[in-house]
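Consider the two complexes below, in which chain A is the common component and chain B and chain C are the respective partners.
For the complex of A and B:
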């Protein structure tokens, strides 16, 4: 029983990180109709920048957080402006291949700029252990679950009540009509990339906080991918919850079936989900079938 | 006076080679390739081998992605399955290499049925996602089936001896690769000409229209999947023999992306494009290294320490630039040049 609870809690913690990155996928898909295969790499860059700030500038929590968020916004905007905007109007296949090219560039750039060794992100918190009954949990793990829940609420409110959020939904639903209504689609796209970069970046920083930074971190993107599919590519909140589900499934599969299963449980799950409900649990049904 | 390229019958339209100069240049190229193993040093020869093996794999993916328009991000899965099928049959159970090659084609083809049959209901990105998942799952399956595949330890593979001809030397093995690549090129060109190939292209261009014309979408998509996996598996076996060692690490996920990059750079949906793209992508790192070393010794040093990273950055950059500025790839550029040449000084 204790083993099960332990697995569940650590599954929730890693799942929250997947959820954050998956929300990054969903934000971009929802407003631009693209799957951004460079999401994992963007997550990783933000985490590495946070680490660089913490080792060179200051280890203060707020400095690191503000620096990382600014860097993520900048990264998202630059990518949107330089790489994605020129591809507007091209077929989806071409645009998605561009994000794959981007992923390759970012990944090797990270290896080129930073080294290939794992580093711990030390900002004086996150590594402490809290005892819940007889189970020890890292504070960083608890914090990321809390962060995911907070962000879910914030994003729900943003899309529901704010003018910009409604504009983003409008562009996603029908960009031509939105343009006619005076909404700038390019601004919405830029905002989506920046927001996605920040949300996924938060996931990356929390990962670095609870575990370690390493060049293998881009795989987080691949792991978060099943979460987005599970929750629905166009469902931002669903993706967050999908992350939690995938995290738990993976951890249970790893704990009871063997470590090899841990790696593929998520993928096996999306294959099943895609067969039964291609649009995900919370997604909208608009997938064409043959 | 007529200028330009005219086709007056369907026979001319589907002809494998449509003009005498093409015959001539094809023959010259073939002779050059036959002479190459005796003329090149072993360093250059290794590039030729890699090009020939990669061409085989790229042509395999081209049937699926180029002709039929189904995006696969998991082709490295078929590549590794083929390599393991060959290694297990030949090195472990001491079957003759020909049986090994047959197995290297058939096993991935069967695997493609398993992954293809359910996922062909999905289109575009969703298919890309299931194939991506497949390539990760197959790696785990291989690592878990230790009794058959030695798990993470991998399997040693010898150069084969077929019909009492030994392909042990580099030159001999290059001929084997040349033979298989040539056969594959011939086969895929002919598939494109045939009824099946036209059905593939119809599905790619407009699947609803294709279905209205009486093309069984599911059957043809599955057929494209199986053919593509068969060819890719054989390329995998060749690559395994080239590496002389088959392990999961030898087939990184990046290969899937590299293969798509080759098709994009060459020109999607064209066999010639697959060949041109392969040559460019395989030689690109080497060409950059040469250019760098011309500039300064210091840059050369940077390139050696960060060679792998710069190489992959270059891949990414080339993919993006081609998609942005020449979406029809090298073949498209070639057609433009040809047209300009024929029509000059007129523009049309």
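For the complex of A and C:
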């Protein structure tokens, strides 16, 4: 039993990180109809910026958090303005290719700006081990589960009650009608990129707290993508829950079927789910295939 | 008059033909310079290795240039980034040979990359000293122009597992490896000792390249009752494994392989890494030889490069030193043929960073002496124990 509980807790912790990044995918898709293949790289860049702030400016947790959030907002806005906006009106395939190119550039930027060494994000918390009974968990792992749940609630409220959230849903539903109603699609797109960058960046920072930073971190994007597909590419909250499901499935597969099955399990799961619900567990039926 | 002109032209042509081969025999040499080429992963995760190796090459070249160069010619280093992508390694090697027209090659990326590029190197005939990833394919069968400085992965693992087995008789063993050529090599080395010493292996796992969360793997390891653990990751994976074991409150006797035997790894492992064993053929930086090497490097490289130094800097330095010394022995007009012949004659060349290097007729592998080291997290260093 203890073995199972340990697997579930570890699965929830890594799944929460996948969930946050998956929500980043979904926010952009929901607002722009685009799959951003640079999501993992944006996650990684924000985590590296947080590490730089912690080692050069201040290791204070609030300074690092605020700095990282601001940097993530800026990163999202800059990418939207300089890279994505000029692609407006171009075929979806071309735009998706641009995000792949962006991913390669951001990945290489890590070595140019920082280095290839692994680094630990030390802000005085998150690395300690607490024991829940006889089960050891890092405080950062517990914190990321809490952060995901809080963000899920906040995002639900944002889309449900805030003017901006409603405007984003309107643009996602029908951007031409939204334009006629006075909603600026470009502003909504910019906001979506900034929000996506921040949400995924939070996942990256928590990952760095619990597992360290390395140039291989971009692969988190590849792990989070099945979570988005599973939850529903257009379902922000569903993507978050999809992350938890993928994390738990991976860990159970690794723990009971063998370590080689761990990385395969998430992808096997989405194949099965997509055969039954091609639009994901929480997605809407009319997803346009790209 | 025409007869005289024709005779003069004939004479001139004959003279050119006579001196031509000597003056333009091999590329990469002018009156003032000798070009040496290299292709390394300078971006992507293995950049940690490639950048460090290239710094080692630069240190040896800067040292030789400071001493006047090779018989008066300054050495120029041409470095290409392959991003650890095999197609780019081949492209890069072709570029430095055909476009930059270097005189010799050094380094050459990772194991898969250097294997893939071997036909290009062999066909070109260019003198080459490989130092980053010593795998048997590179010297078995021996290629005329390709020399390898280092020790084989199999021998390294065998040495490490033998040491741990002798030190921990009758214990339960666990192993995890990466699902690629590197992992297969580690597993092959391990298996050969398992058979010879009849080790009791209770856990055997493998992971997908790029895996970052080892929670279920290490939980299985704990559940199996493993007492001696061979962590077959490269760098970040070993850190993640050790920290996971710390979380699970177990500390088996652990061995790691030399790609991860770098000081930043210990810093990240923290107390979890204290006492782990590693095998290597280059000197630890904590020892006198390592300290002397760092002192030598300081004035020759930039501050940023100094921070990028790790064990691969030593392998790069040693290989460059061997190559430079061979070219030097060829005198004022070095050629490929002479350089290859002199490389073959390399006998007990001291580099200060590993045991003396030797090759021989038909011997293209330096077969370096191995040593076991143990991690000391208090000083963030590895110290020899055998």
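Just so we're on the same page, the second predicted complex is superposed on the first by the 286 of 290 C-alpha atoms of A that agree within 3 Å, B and C clash if a C-alpha of one lies under 4 Å from a C-alpha of the other, contacts with A are read in each partner's own complex, and residues count from 1 in each chain.
The definition used in the following text is that a residue touches a chain if its C-beta (ideal position, glycine included) is under 8 Å from a C-beta of that chain, and two chains touch if they have at least 3 such contacts.
Since we're looking at a predicted model, the values are computed, not measured.
In the superposition on chain A, A:119 contacts chain C only, with no contact to chain B.
Contacts of A:220 after superposition on the shared chain: chain C is touched, whereas chain B is not.
In the superposition on chain A, contact is made by A:251 with chain C only, not with chain B.
By the touch criterion stated above, A:151 is placed in contact with neither chain B nor chain C. When the two complexes are overlaid on their common chain A, residue A:83 makes contact with chain B while staying clear of chain C.
When the two complexes are overlaid on their common chain A, residue A:108 makes contact with chain B and with chain C alike. Of the two partner chains placed by the overlay, only chain B lies in contact with A:35; chain C stays clear of it.
By the document's definition of touching, both partners, chain B and chain C, reach A:260. Touched by chain B in one complex and by chain C in the other are residues 107-108, 111-112, 258, 260, 263-264 of chain A.
Contact residues on chain A toward chain B in their complex (touch as defined above): 35, 83, 86-87, 90, 92-94, 96-98, 100-109, 111-112, 222, 225-226, 229, 258, 260-261, 263-264, 267-268, 270-271, 274-275, 278, 287-290.
Within the complex formed with chain A, the residues of chain C that make contact are 42-48, 51, 83, 176, 179, 205-208, 210-213, 215-217, 219-220, 223, 235-236, 239-240, 243, 246-249, 264-265, 267-268, 307-308.
Residues 71, 118-126, 128-130, 132-134, 136-137, 140, 143-144, 207, 211, 217-218, 221, 254, 257, 260-261, 264, 306, 308-313, 315-320, 323-324, 327 of chain B are the ones touching chain A in the complex. Residues 3, 6-7, 10-11, 13-14, 107-108, 111-112, 115-120, 129, 136-138, 207, 211-212, 214-217, 219-220, 250-255, 258-260, 262-264 of chain A touch chain C in their complex.
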